Every structure is written in C-alpha cells, then in structure tokens.
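Pasting the structures in now, so scroll down.
Shared chain: subunit A. Partners: subunit B in the first complex, subunit C in the second.
Moving on, here comes the complex of A and B:
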C-alpha cells in the first residue's frame, strides 16, 4: 500500500515539475514583448523617460537576468507562494486575481462534473434495462457528447438569454450589483450560474450515460451474473452487483476526462464572460501577461493533479482487486 | 424417480430458422443416481443441462416436460422457474473461475444470495462443508481473486449444493482442470451424493473415461437425440449403438502402444441441426447403415435399463 502511493506520489511530483516548466516556457515563447506593450500603454513621450521605465520594468520582472536565472527564480518564488505581479492588471498581484477568479471556476466545475457523472451513470444504467429508454437516451447522449462545449454554450446563451430572455447571458453577477454576502446578491449569482453550468453539465452527461450503458450490458452478460441467475437470484441483486462493478471503469473514465472537462469549462466561461480562470487566461494571453498565465495554469494543473489523486484513493477503496494486488495473493 | 424428462424439445432461434439442438429426449434419473451425459460437441448435452435450470435468451422450449420430485418444472418460464432454482435444481457452471462477483467478499456474497432467496444462512453447515472440501474457513472473508483456481472451483461446488438440491447439474466442470484435480473433483461430487447433499446428479462431459469413474449410468447423445443409455459398465464394455461403439473405440487405452495401429476416430461430422433430414441422424457416418435408417429409430429398452435408439440393436 505504501509503495503504491509512494510510486503514485513520485509520478505526480514529476508531472508537476514538467507542468511548471512548460508553463514557464510557453508564455515566453509567445511572440511579442510584454514590457513594450506596457510602455505603449503608459504613453511616455520622452525617450529618456521611456528608457528609464523600460529598465525599471525589466528589473522589476527580472527580465534583465539570463533565462536560467529567471527559471530558477520562478521556482524560488513558487515555493514562497509568490506568483508575481500581473502585467495586464499592473500592479495587482497575480495571487489576488486568481483568488478572485478561482471560486467562480470551482463553482462551475465541481457541481457540473459530479452531478453529470452521477446522473449520467444512473441514466445509462436505466437505459441498459429498458428498450424504450435505450432507444431515446442513447441517440440523445450521442448528440450531447459530440457537441462542442462552446457551441452548446453559445446556443443556450442565444436561446435562453436573448430569444426568451430567461437567463442573463454574461457575467458572474449583474453589473449593477456589488459583491456582498446578502440574499439578493446570492440569488443573482445563482441566476448567472445556471446557463454556464447547464451547458457544461449537458455535454458531460451524454458521455457518462453512453459509457455506463455499455459497461452495464457487458456486466449483465458476465459469468457471475449468469451464475446468480441460474441460482434464482432476483434481478435486483444482479443489477446491484453489475452497477457497482460497472462504476469502476467509470471512475477511471472520470480521472481521464478531468482535463477535458476543465478545458471545456474554460471555453464556456469565455462564452458567458464568466469571471473565472477561463476569462483570466484569455486576458492574460491577449496581453502577454506571463505571470498571470503561469499562475492560472499552475492552479489548473494543481487542481487536476489533486483531483486525480483523490480518484486514485477512491479507486483503491472501492475495488478490492487493486488492494489485493498490493498485498500479494495467497494460493 | 427424482427426475423424469419426457420428449423434451429445445430449439435455438436463429435468423436462418430453428436449430433443433434438443429434439425429443426422454430419460429418468433415480434417487441417488449420477447420470453421466456424454457426446461430442454440438450433440445437445449442454443444451439439455441448461434446459433443466435456465434457458438462455436464444433458446425456446418447444415441447416435452420435465418432472422433478413429482412437480412439473416450468422450464419455459424464466420467472416461474425461479423458486425451483438453487433449492430444487442447482448448477455447477463451466466457468467456476469467474462465477463469483469479483468485488464482493465470498462470505458476504453467499449471505446476500441466500437473503435474496429468503433462506437463512446456516453458518455451521457452511463451515462443515468448507471443511469437507478442505477449504479454510477464512476464504469467506476473501475476494475471489485471492483464491487459486482449484479453490474457486471447490467454493462454487459448496455454494451450489448449499441448499441440498434434488438435482445437481455439473456442466463440463472438469474440462479446464488437470488430471489429478479432475480426480479430486469427481471424488468430491461422489461424496456430496453419498452424504445426501444432492439427491441426484447430471454430470455433463465429453470425457467418457472420466464419466465412467463417477457415473452410475451413462447417456450418450448424438445430434440432439438420445443414442444410448445404460449402466456405466455396459456402455463402456458392451455398447450396442454403433455411435457409442465408435466413440469408445476411439479412446486410447492405457498401456497399449499405438505405433502400428493409429487411432482413427469417427470419420465425418455431425449433421447440421437446422432442418435436419428425417431418419437416423447418424446414418451418414454409420458403417452399419441400411435402408431402414431413413426412418427414425425409436429408443428401445433392449435389456433392463439399457436403452438404444438403433434399428440394428433392437
């Protein structure tokens, strides 16, 4: 058991190292000079003043050091919990921007992933049981899962927001409101949350339902199901066993899909101008904001890694075969 | 008579038509009797075994009846058959290695199975039977994956016979085992019968020499029909049906060298059971076939307990 988790942690550590390195590298490989665009924004006319400002900025962000020094510095800063200062929203620290955006992203991601997984599995299991349901749930699921996130998001924003005017189409809350811990603000928040959540939820739902239906059918044909039927066990017991065993590959699927779901959420946020990490990343790319981009990606990488680790732990708990494998079998 | 099967017909539905896999088979099994059911693959022996406990989705009960302990089994009705399964008819499947739910501890699975059948688990009895097949009691706290193949086989044997069924169907249970384990399984099954755990048994196999060690009576089937049924010794030593004779003669004998005389087997293949031609189904391969074989030979009791379906034998 300890060796298993030791190995897992090592793999996660390596992944984290690689991810941070790539995160550091990618913004710096983008064309364009962030300091130049900051200077352009500052509208300083005199060449001497401009030069002084350039030196100041380059020194502030450490761009005057050799690249390997910059790379090591970024690791040092990371361990101090310092994400640097945003270039785009200068001089706001990146950490502040992130802590403002992350709750919105999590509020979208966690419910849409978990609820779509649970309901999708139930729906798939039901579809495997009844022909009528199978003939309706399956085609709908195929359409849903093949739908690109941003297309469904745009369609829903247009339909529910513009044509019917039921839900707001943009923002995390009304522009006329200031964030506060009051009921009206909370309701407003919820109202803005519905459409982005629903579009994420629907696309993910289809995939889980299809997966579950197929695995359940496979499980119901398996030897243990046949044996139980031959011994006259009621369908209820057999279905319970089949469902539980079919959930296992779905858990693995969840771990695999996590990254895709996060990417989908980022795109959806942009469609709805939702103030989460997705919108932040878009702004960072448009403004060549190295530090903000690095910080946002770091959050996502950390989130996906932690979620994967939790799934690993859950898997060990629910599938005895993994535990037995660790302890060694007895003859 | 524990079991009485009368003119049982079970067909497989296919797109091309009905495959007459079991076409009018009648026989009986007495109290305490072990009936060995032999024949080559495709002869209908597994179909017969399944018909007695659970037809699969493609199988159709066309005619005939099965009577167990003076009750007619509703074999064509999956739901009505349920109360009889496990309690009166039970099965040791071909796939013992994967017959148990991999994600449940064995003890818990047994309890859940018995609960679902509204039977109280007699833990002492279960322990006794585990002792009998030399399984440690700890297996109940283990997952199937933690057991070796032989242990799983014995565990399934214990589960299947836990409610003392009148009829136990053992379908090709020794096919995947090595010879010494086969012998142990056969001995265990005999022990189950002698202790009264099972009243009678249908032992399905393609291995005639193994059947001979276990069975009181051997029934040989060919192409969905009964060919010959007689006490084990008679079938092996003095078979009357030409198919049985050829089957027995194609078995290698221990201590005989086959350098000069090659084992020949039976030339030809069994007929297609999709719209089979009338008459004896073995006549294309039969060395004794003559004109009369175009008519179907009825099973005739030539001696006491010796039934043969062949014009030449009668």
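Moving on, here comes the complex of A and C:
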C-alpha cells in the first residue's frame, strides 16, 4: 500500500517538475520580446524615454539576468507562492488574476465532468441491449463525442444567444450587475453558466455513453453473466453486476480523459468569453505574458494531478483486485 | 480488516482535504467583488445598474482594467483620463482649435512663455480645490525619467505658480505645436495625494480610488468591465453648462468582435467602438444601429493606414521602386472589397481629412500617385528593374530575385485581406510581394528591430497638428529599436529639420504652417518613406434604444467624435457623452 502510493507520488512529483520546467521554457521559446510589445502598447514616442522604460521593465521582470538564474528564480518564487506580476494586466499580480478566474473554471469543470460521467454511464448502460434506445442513444452519442467543443459552443451561443435570445452570449455575469450575495446576482451567474456548462457536458456525455454501452455488452456476454442467467437470476440483478464491473474501465477512462476535458473547457470559455482560466491563457499567449501563462498552466497541471490522484485512491477502494495485487506485491 | 480500512482512509482523507482546499472556491461566489476598494461609491440598488440610467460602452479596453493611473495613458482603465482626470484644454477637431477646460484661458505672453489661467471653483472629488500648484506638480512629474512626457523637459525649463490660479511655463525652445498637444493630453493630478509618491509608484502604481476633477468617479471594476458613477458636484455643470445624463458608465472589455456584435444586437451595448466587419449591413438592415454617416464611409476618419517599406533593404531603399510599388496598389479594391466602404481611400499625402487645409493641392497634383499598373510597370522599367528570367516578376538591378514579405498580425482579419489584395495587385505590376501573418508579438519585434520588408501600420491618431503626422514619418535619429515612429528607418535630415521647423511655428500662424507642410508633402511624395493607403475609421456603432442624440452627420445632431477611445475623450468624446439624452425619461 505504502509502496503503491509512494510510487504514485514519485511519478506525480516528477510530472510536476517536468511540467513546471516546460511551462517555464515554452513561453520563452515563443518569438517576440514581451517588454517590447508592452512598450509598443505604451506608445512612448521619445527614444530616450523608451530606452529608460525598457531598462526599467527588463530589470523589474528579471529579464536582464542569465536564463539559468531566471529558471532558479522561478522555482524560488514558486515555493514562496509568488507567481510574479502579469505583463498583460500590468501591474496586477498573477496570483490575483488566477484566484479570480479559477472559481469560474472549476464551476464549469467539476459539474460537467461529474454529471456527464454519471449520466453518461447510466445512459450507456440503459442503451446496451435495448434496441430502441441503442438505435437512438448510440448515433446521437457518436455525433456528440465527435463534435469539437468550440463548434458546439459557437452553435449554442448562436442558437440560444442570438437567434432565440434565451441565454447570454458572453461573460460571467451581466454587465448590469455588481457582485453581491443576493438572489438576483446568483440567478444571473447561473444564467450565464448554463450554456458553457451545457456545451461541455454534452460533448463529454456522448463519450461516456458509448464507452459504457460497449463495456456492458461485453460484460453481459461474459461467463458469470451467462452462469447467473442459467441459474435463473433476474435480468435486473445480472445487469447490476455487469454495471459494477463495467464502471471500472470507465474510472480509468475518467483519469485519462481529464486532460482532454480541461482543454475542452479552456476552449469553451474562450467562445463564451467566460472569465475563467481559458480566457486568461489566451490573453497570456497573445500578449506573451510569461508569468500569467506559467501560473495558469501550473494551476491546471496541479489540478489534473490532484484529480488523478483522487481517482487512483477511488480505484483502490472500488476495485478489490488492486488491493489484492498490492498485498501480493508487498508480501 | 480494521487496520486495512484505516490504511485506506488516510490517503483518502488526505486527498479529499487537499481537494476540498482546492475546490472550496468551486461555487461561483462573487470573489471578484473582493477587489472593490474599501469605501466604494454609492452602490446601485440591488447590485444592479438600472438600464435607463446606464451607458454601456466597449471597444477601448483590450485587457482587464488593471490600473487607474492617468500617467499610464496607454493601459489605464477606459475613462481614467477624460472621465475622472481632466486636462487643461480639450481639442475640437471640427473647429480645429483648443477649447478651455480646466484652464479658463491660455496664451503666449512672449515667444517662450506660456501662461495658463485656471477656472475658479474647481474641486477634486475629495473636496479640495484645484490650484496652480497641482498643475505645476503634474508637469514637474515629467522630470522623472520614465514618465511618458519626460522629453517635455528637453525644451521646457521651468513651471511656476505665481498665484493660485496662474501657471507660467518658461521654455528654452518653444515647440508650439507639441505644446498644444501636451496641454490637451496631460491629465492633471492632485498634488496633495500624489506628492511623495516614488517614481515607481507614479509610473506603475494602480492608483486605486482615483481622485480627479472629472464628471465621473470610480464605482467598481472586474476583469471584464469598469463602472463609473456620476460626480454630482462636477464643476462643469455650472461652468460649462454640460450635464452628462448617464448616471453610470460601464465600459466593457473587448473579448472579440463577435461578442461585441452580439451585445450590440441584444441592446446590451449603447456605444461600440469596435471594428465590426459588415457594419454597413447593420446600419442598412433594421437593427436599430447607426453610425456617424448613414452612408459610406459611415465613420469619421481617425488615422491613416500606411504601407511601410523598410528603407534600409534593397530594393525598397530606392525611392523609384517605392513609387512603383505605390502605383501598383489597388486601394479601391481594398476600400470596397475588404471594408465594404467602411473606410476612405487616403489622399496621396495621407493627411487626415480634418487637416485638409494643410494639404497643398498643387504639390499633390504634380507629385501624387494613384493606382495604375501600367505606370507602375513603366516606373520599374525606367528605374532599371527588369524581368530577365521571364517569370513576370522583376529582379533586382544586379539580377538577384526580389521576394518581399508583407506582414500584418495574425487574426487582424481586415488587414489580412487587405494585404492579400496588395500582394495580388503588386504582382500584377511585376513586384513579388507575399502576404504573411506572424503573431503580433513577433511582428512588433521585427518592426522595432527593422527586420521586415513591408508592413501595414496606423499608429498615429488625429491630433491638433499635422506636426504629429510628419513626426511619425520623418523622426530622426534612427535608433537600434524603432518602437513607435519611422518604422521604415527613413533618414532625411532635411525633412526632419522641416518637421522641427513646423513644430516651432506658432499655432495661429496657419500660413506659416501651410508653407512648411507643403515642403514636407513634397518630400513625402517624392520619397514615399510611407505609402498612405486608406483612412481607418473612428469605429463607432451606436444603439438608440436607451440613449439618443448621438453624434451624426445629419441635421442638428452633435458633430463631435462618438468614442471612448484612449485620448479621444479630449478630442470630442466627452462632449459626445455629455450631449446624450435618455430615450425614456
């Protein structure tokens, strides 16, 4: 047990180290100089003033130091919880931008992942071996799962937002609102949340339903199901056993899919201008904001790693075989 | 078994705690509100802005409103300068003259001394009176090296405040044109609050709770908006007889043109200063959206889009070649095909229509250029550029092939289409131009370091004087990094001297200005260090569902610029807001 989690944690630690390094490296390999583009926005006409600003900002962001020093600095700052100052929203600290954005992203991601997984699995299980359902759910699921996130999002924004005008097309809450702990504000938040949530939910739903259907069919044809059936057990009982077994690969699937889902959420946020991490990342890339990009990716990497770890733990709980295997390994 | 269970539970509990720590913000609590400073202005009822009292604008801010620092004219929240902080003068581009604002009057008492009389009874929003000391303090901030108007002190020698309402500026060299630009561009800040701030805070400070003299005060902000609330004790109500009707102004951060269009159509936006492709259809269709002109070009002109050749590279260092290139560009096709007549073709000098009086038509008549493929071919042939290998494209004089890359930022769709047109029409004349779309940052780097062949630029707005236009074209010396002007690195000491001469011409000496401008236009057209193509519009789409009396070319409507763009509130933008009337009282 300890070895199992020890090994897992080691892998996660290594992943984290690599992720931070890559996060640090990639923005710096992009063409262009962030201070130059910041100054270009500043439109300072006078060459002398321009030079003074350039020196000042290069020093402020530490770009005048050798690259290895910058790399070490970034680790040091990370452990102090200091993500640096955003170049794009200068002089806002990156941590501020992230803490404002993360609640929106989580509010989209967690419900859409969990609810789509639960409902998708139910739907898939129902569809298996029921001709009518199978003929409807399956094709719809295939279409949904093959739909690119941004395309479905754009379609929904157009349909529900522009054509029917039921839902807002953009933003986290109405421009006529100021945040407050009141019902109207909460309703407004929810109202803006529906479309981005729905587009994430729908795409993910299809995948789970298809997966579940296939596994259930496989399970229903397995020996234990036939045996139970021969004993005269009710169909309902057999299906329940099959479902339990079929859920296991779906949990693994969830761990594998997390990254894809997060990426999908980022794209969806951009389509709806939802003020989460996705919109931040886009802005960071466009403005070559090293620090914001690093910070945002770090959050995502951490989030995905933690979620994976939780799934590992859950797997150990729901699948007795892993426990047995571990006991065997430690024996 | 019990033992085993606890062994499971430890990591489970640990993980769930960790998850809880990370997801406790999972419900969308209004955390952003935490950023609102301690003593906010009166909050709107129920946390909402009543629609009939609120003006929604967009099209200026491209990032979150990160600071309220009027020194940061380029990225402070929309309205920081103009709504909260004010300038000594405004400039009226229609009449072509300065309008006294905080100043009651301003005049040159001798050739190198300028004296400003302040209006009486102006107070800061914290109740303290505005005095000459504040003005003196503001201009003296420029002595700090990183302050954008630091260069003012190269020719300004002293600022004095002999009494509470008089400010006297003494110059070592009077640059009259630039000075006028400065007095309507520099926000006056309160000395009693800014005094003692270090250079770092002046330049980089967020300046929460801005205290200004203006008609609006800070209300709240979030990542995607900033809200201002009317300052009921604003001095201008009595003194200028201006009373802006919107109680709240909410400026929305641009995310994309699609979002702006959606908001506009849903009547959630009153003034959109975004470039919306196909705005002509919005106006002619029945969407309740209008623009300044009901017919082409729909918009006022705000700046000139130039084709900028890198004059340090062959064959673009040859004025004859640049002329041939200029003649090869089918601007009409860009104006009609790409923009649907939302823009106007530029005059050969590129001077904005508002500066028409400074355009010497005789010079334009003899030296101007127009789209003429045959003429472009002839110019190339006369200058010795021949097509030796018969591929229909000319080669350099030494026989090496020409391959010019024309760049605009990826994603700037109208410009991307435009340069495709340019490339096609240049090739028709035998010049090998290829369109490329690098990332914006990469383009900025190439542009400032001079590692490009051709690009499109429009980074000079309308101003009080054609001086700023010529400064953009001719400024010397050329530095290792050219960040804002003269990207083509064109060097012509004679022209730069003329630009400085223009700067030193008094602003009321229109004939003197015309004379210098005419010489500069001659050089510009002979040499074409930039090739003027079209006038970009002052993009402005307005909806009259909540607010009416928008500026328009028709009837008695105001003629000021309908815009919230940076530095435009002093060019008529504020006057436009002040003339709005509620539709439903």
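Methods note: the second predicted complex is superposed on the first by the 327 of 331 C-alpha atoms of A that agree within 3 Å, B and C clash if a C-alpha of one lies under 4 Å from a C-alpha of the other, contacts with A are read in each partner's own complex, and residues count from 1 in each chain.
Methods note: a contact is a pair of C-beta atoms (placed from the backbone, for glycine too) under 8 Å apart; a residue touches a chain by one contact, two chains touch by 3 or more.
For clarity, every value in this text was computed on a predicted model and none was experimentally measured.
**Q** With subunit A superposed, do subunit B and subunit C clash or fit?
**A** Overlaying the two complexes on subunit A (C-alpha atoms) leaves subunit C and subunit B fitting together cleanly.
**Q** Which holds for A:5: it touches subunit B only (first), subunit C only (second), both, or neither?
**A** A:5: touches subunit C, not subunit B.
**Q** Could you tell me if A:278 is touching subunit B, subunit C, both of them or neither one (first, second, both, neither)?
**A** In the superposed model, A:278 contacts neither subunit B nor subunit C.
**Q** State whether A:222 touches subunit B only (first), subunit C only (second), both chains, or neither.
**A** A:222 contacts subunit B only, not subunit C.
**Q** Quick one: classify A:237 as touching subunit B (first), subunit C (second), both or neither.
**A** Only subunit B is touched by A:237; subunit C is not.
**Q** Measure off the angle at the C-alpha centre of subunit A toward the C-alpha centres of subunit B and subunit C in the combined model, and quote it in steps of 10°.
**A** Once the two structures are overlaid, it is 160 degrees.
**Q** For A:207, using the defined touch cut-off, is the partner it touches subunit B, subunit C, both, or neither? Pick first, second, both or neither.
**A** neither
**Q** Quick one: is A:181 in contact with subunit B, with subunit C, with both, or with neither? Answer first, second, both or neither.
**A** Second partner only, subunit C.
**Q** Counting touched residues of subunit A, say whether subunit B or subunit C comes out ahead.
**A** Touched residues of subunit A are more numerous for C.
**Q** Tell me, in angstrom, the smallest C-alpha to C-alpha distance between subunit B and subunit C in the overlaid model?
**A** 10
**Q** On subunit A, what residues does subunit B touch that subunit C touches as well?
**A** Common to the two interfaces on subunit A: nothing.
**Q** Which of the residues in subunit C come into contact with subunit A in the complex?
**A** Spelled out, the residues of subunit C in touch with subunit A are 4, 7-8, 11-12, 15-16, 18-19, 22-23, 25-33, 35, 43-44, 46-51, 54, 56, 63-64, 66-67, 72, 74-75, 145-148, 150-151, 203-206, 219-220, 222-225, 227, 250, 252, 255-256, 259, 262-263, 265-266, 268, 438-442, 444-445, 448, 459, 471, 475, 477, 479, 481, 483-485.
**Q** Considering the complex alone, what residue numbers of subunit A touch subunit B?
**A** 222-224, 226-234, 236-237, 241, 244-245, 248, 318-321, 324, 329-331
**Q** Under the touch definition given earlier, write down the residues of subunit B that touch subunit A in their complex.
**A** Contact set of subunit B toward subunit A: 53-54, 81-87, 90-91, 93, 95, 98-105, 112-113, 116-117, 143, 145-146, 148, 151, 156, 159-160.
**Q** Looking at the complex, which residues from subunit A come into contact with subunit C?
**A** It is residues 1, 5, 30-34, 36-37, 39-54, 56, 60, 86, 88-92, 96-97, 99-104, 106-107, 110, 157, 161-162, 165, 168-182, 184-185, 189, 193, 273, 275, 279, 283, 286-288, 302-303, 306-307, 309-310, 313, 316-317, 323 of subunit A that touch subunit C.
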